[in-house]
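Same chain, two partners: chain A is paired with chain B first, then with chain C.
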Partner chain A sequence: MNAVRQNRLNTFAAHGALVVYVLIALFPVFVIVINSFKDRRSIFREPLALPNSESFSLIGYETVLKQGDFFLYFQNSMIVTVGSLFFILIFGAMAAFALAEYRFKGNTLMGLYLALGIMIPIRIGTVAILEMMVQTGLVNTLWALILVYTAQGLPLAVFILSEFMRQVSDDLKNAGRIDGLSEYRIFFRLVLPLVRPAMATVAVFNMIPIWNDLWFPLILAPAEEVKTLTLGSQVFIGQFVTDWNAVLSALSLAILPVMALYVIFSRQLIRGITSGAVK
Partner chain B sequence: MAEKPRFRWHIVVFLAPAVLVYTAVMIYPLFNTLRLSLFTEVDQSRVFVGLQNFKTLFGDTVWSTQFWNALGNNFWFFMIHMLVQNPIGVALAAILSHPKLRFASLYRSAIFIPTILSFVIVGFAWKLILSPIWGIAPGMLDAVGLKALYAPWLGKEAYALTTLSLVSVWQFVGIPMMLIYAALLSIPDEILEAAEVEGITGLSSFWKIKLPLILPSIGIISILTFVANFNAFDLIYAAQGALAGPDFSTDILGTFMYRTFFGFQLQLGDPHMGSTIASAMFVIILIGVCLYLFGIQSRMRRYQF
Partner chain C sequence: MTALTLTDICKSFGSAEVLKDINLTVEDGEFVVFVGPSGCGKSTLLRVIAGLEDATSGTVNIGGDVVNNTPPAKRGIAMVFQSYALYPHLSVRDNMALGLRQEKQPKAVIEERVSKAIQMLDLNAYVDRRPSDLSGGQRQRVAIGRAIVREPKLFLFDEPLSNLDAALRMNTRIEIAELHRTLSASMIYVTHDQTEAMTLADKIVVLRDGQVEQVGSPMDLYNNPCNRFVAGFLGSPAMNFLKKAPVDIPQGGTLGIRPEHLRLQKGGRIKGTVTHVERLGGDTNLLISTEQDEAITVRIFGQNATAVRDVVELDFDSHLAFQFDGDDQRIAV
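What follows is the complex of A and B.
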């Protein structure tokens, strides 16, 4: 009887602690979003109240959509993120297959070389990257960002994918070889479909840091027509810093796409992290 | 009849794209940056000066005060993450991993939300909330009778860095939580049941059984935190700008390198001094990673289940 009560108390304490932390985690997002739907006076008078018929206003969103080219920024972010993910996955899977499948001289060394980039941040090389992009004329193009993010994502992708490729059964591949399939076909037809879950994990891991990055867009592609959503909202908010309606609406609009991605992929992301893909 | 082994071209084809992109865009620029730190610009041409830039960085008082300030701030930034973010992450994971807890996945997803937001959103959102103009923070403190504690934290030299570190902790607590949660789930039930038979339950089971078993994960989280903190930039830039105000009190290595490289206000950008700072950052990160790999990881006992 005592033990039961003790147990119930523990459960209660556990839920209490978690609820408190969830409130801390969500409170700022909540405050920003509700205030973005209010008129200026109510933002200041009652910042914690929900918008009602009296205080409801979309003036901030109107300013944002009129002044900033958020659709263009969104499109740029999409192109960069999807493009980088495509190259990370295809190049990463190919290299991982070579390392996992074949024995050749320098296999281990190549694996270590590619793994170097997991620990060393690519930002250290920024000065030389910018110089190279200027020389090749890629500065202020989306290609500059796609290349940088691909290089940044490859080490971890190769590492994770080669772990998974080692688990693909040899019998299957050998059966394919006996049937006369080329090594390329074995990779694209047999192996790639089997490691799709691992590819999804890699994609989700890379997606959010690429979408949210501020450093490389700021340095490699600051021009108006190639701004990403993250940089675009940073610049926009900096200019409209006294227009609270516009700032709050811009923040809410910037939260929206990431939240949508998160709702779609959160299961994948959490499964990826908790399945021990990162060891 | 022995056939000469043919050169297996497909291995090259499989490896080439990844190795080329990685080498050209990551490894080569990294070493090129280290090389550029040995040069300077005189009359628009590049001149080799050996270690002169490093002498300037550490010897010239204008540079060295800025560098040590940024490095010191960076250590404080890292310490707060280690002392606040990681213990909270472990505690949340320990609660979440309780087998009979309901709504665990709901809590997990909600707590992870700040981690997916960009620094720009996080930086501005907290700037607005803590702002004395809007009055959410003072208003809330007033509601619990603690209004006297309020100060415009981000504007005060003494508090700004700690405040921003805590904002960053708020944002990233989800990562240690998830990794520790995964580690806790991988502990086999037999071990916990055996401990229970011996009378070790509840909190003491956490301290005596689970914590020692998740130490390797805590080690990994520490090194990930270290690397992330020592090349942080975005949050400070989004909240305080490139000048890392007030009066450089929130300046860390990332913002210092950005300012030096790109220039600000009246100072012109200097790629060579920028490379010098980047090289210093490289050495710091390398020392941290080596300490971890040779000092901590190799001594840690790993348990195979």
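What follows is the complex of A and C.
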């Protein structure tokens, strides 16, 4: 009886704390979205008010859609983010599998070397990266960004995934070997599905920084036809005048694809087909 | 013909020597059980035979072929794991069929062998279920089925029953024994449950610290253990070892008497006080502290009125007792 009540109280407190956190975290987003539907005057007069018939305006969205090739920026950002995530996950998982599964000379050393990338920010090497990109002719291509983001994401991906792969039952992999599955089939069909939650975690952690990055697009791919959304939105922020309607609308639009990707990955996070595999 | 011959098998992980000079043969159709304490290298030896681990030195010969460089799938073996290790994304039927599909067997053959195994293991009701929807016992039967359909020259079992509850363990044990009779296949079975070892084995291999201590039929090992370790390992309750024995034994040696060979007898050679009584209905186990302050266990058939703190006198037939020297080796008397 007492335990039950105690439990209720705990649950209530936990949920209360979570709700408060959600409100705090969502507040800026909320402010951005409501203001993107208001005219310029109302944005500054009453930033927290909901748009009403008087202040409602789509001027921001109109500017955004007219100015520059917004859909192209969108597409570029999408290609870069999805492409980088794909390569991070596939190469990260393969490297992690090798480190976790095979005993070879220098295994630990290799793991440490890869982990080094977690501690050293890739931006330190920007000049060298730019030189390389110039020499390989990749400047102003989306590949430049995809390669850099893949390199940036791999260390943490390898680190997290190898930890999870060590936990996949040896017996399961060995059963596969005895049944004559190739190492690739074992990796793709047996191991990957079991570490899907970890893959989703890695994807979510990498997605947002890549989507939001301004640094590398500005340096490696500033040309009009390869601009990413974040870089494209910068045209509305001037040194002297900022078109706030446009900025807020652009930001609101930019949230949508990330949210879509997040929903896809979080479904994976939750789904557990692992139960019953072993034991 | 011999199903398996191991010659001078050694295995080290880094500097740790896990298996040391293992020599062993398994005859065709023989049921061989590996027993030994935890960490003695039973699983490692099984994995070396399966080809999942490479031996550091020595040769593995299965059915007349040296298979040191043959991958596991081509060795003509099948393995059943303690953790079942079923493929989580496949149905029961596909779990069993996968190995055959990999071998590129014709569809009809796969269908026939899988159906036969399903019949044999009574899995008809579950063929389309995923492993996650099965109970532990059912999962283990699927795992056994997966091994059967491959029709291997040699079955390898690594503690297949240790995740099952006691009743199910006994049933499955009997099923495995029947399976061995029907298939008359060679099997190697790892366990540390000595009931399984004694009841299933044609031949028991006792391992300790990566070395073979003794090989023989269950009754051989029970009646003629070659050293104190084997004597103490087989038999339940374990054999009693007395340093201060009522008979002549060599300096530093021990006298070993099985609990079932001791009896309560007025004027017996051993005196002691009962410290604990276990009544099992069919048997009664008395834990006794002797006058020399050594602990011994006595197993009495049937029920007995002896109570804790009773003073009792015990005796035994000298020809049923074992003597071990200071190095724990058996001395023939």
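What we mean here is this: the second predicted complex is superposed on the first by the 196 of 279 C-alpha atoms of A that agree within 3 Å, B and C clash if a C-alpha of one lies under 4 Å from a C-alpha of the other, contacts with A are read in each partner's own complex, and residues count from 1 in each chain.
Heads up, the rule we're going with is that a residue touches a chain if its C-beta (ideal position, glycine included) is under 8 Å from a C-beta of that chain, and two chains touch if they have at least 3 such contacts.
Just so it is clear, the structure is predicted and the values come from calculations on it, not from any experiment.
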Note to self: With both complexes overlaid on chain A, does A:190 touch chain B (first), chain C (second), both or neither?
What the structure shows: second
Item checked: Contacts of A:131 with chain B and chain C, given as first, second, both or neither -> first
Margin query: In the superposed model, which partner reaches more residues of chain A, chain B or chain C?
Written below: B
Notebook entry, point to check: Between chain B (first) and chain C (second), which does A:117 come into contact with in this model arrangement: first, second, both, or neither?
Noted result: first
Next item on the list: With the two complexes superposed on chain A, say which partner A:175 touches: chain B (first), chain C (second), both, or neither.
Entry: second
Check: So, A:98: does it touch chain B (first), chain C (second), both, or neither?
Finding: first
Next item on the list: Could you tell me if A:167 is touching chain B, chain C, both of them or neither one (first, second, both, neither)?
Entry: neither
Checklist line | Where chain A meets both chain C and chain B, residue numbers | finding: 273-276, 278-279
Check: Within the complex, which stretch of chain A touches chain C?
Finding: 169, 171-172, 174-181, 189-190, 193-194, 273-279
Margin query: Under the definition above, what is the set of chain A residues touching chain B in their complex?
Written below: 10-11, 14-15, 17-18, 21-22, 24-26, 28-29, 31-32, 43-44, 47-48, 87, 90-92, 94-95, 97-99, 102, 104, 110, 113-114, 116-117, 119-132, 147-148, 150-152, 154-155, 158, 182-184, 187, 208, 211-215, 218-219, 230, 233-234, 237, 244, 247-248, 251, 254-255, 258-259, 261-262, 266, 269-270, 273-276, 278-279
Item checked: chain C residues within the chain A interface of the complex -> 47, 50, 52, 71-74, 77-79, 81-89, 98-99, 102-103, 130-134, 136, 139, 146, 150, 163
Notebook entry, point to check: Which positions of chain B touch chain A when the two form their complex?
Noted result: 8, 10-11, 13-15, 17-19, 21-22, 24-30, 32-33, 36, 88, 91-92, 95-96, 98, 100-101, 103, 105, 107-122, 124-126, 128-129, 134-136, 139, 170, 173, 178-179, 181-182, 185-186, 202, 220, 223, 227, 231, 233-234, 237-238, 254, 257, 261-262, 271, 274-275, 278, 281-282, 285-286, 289
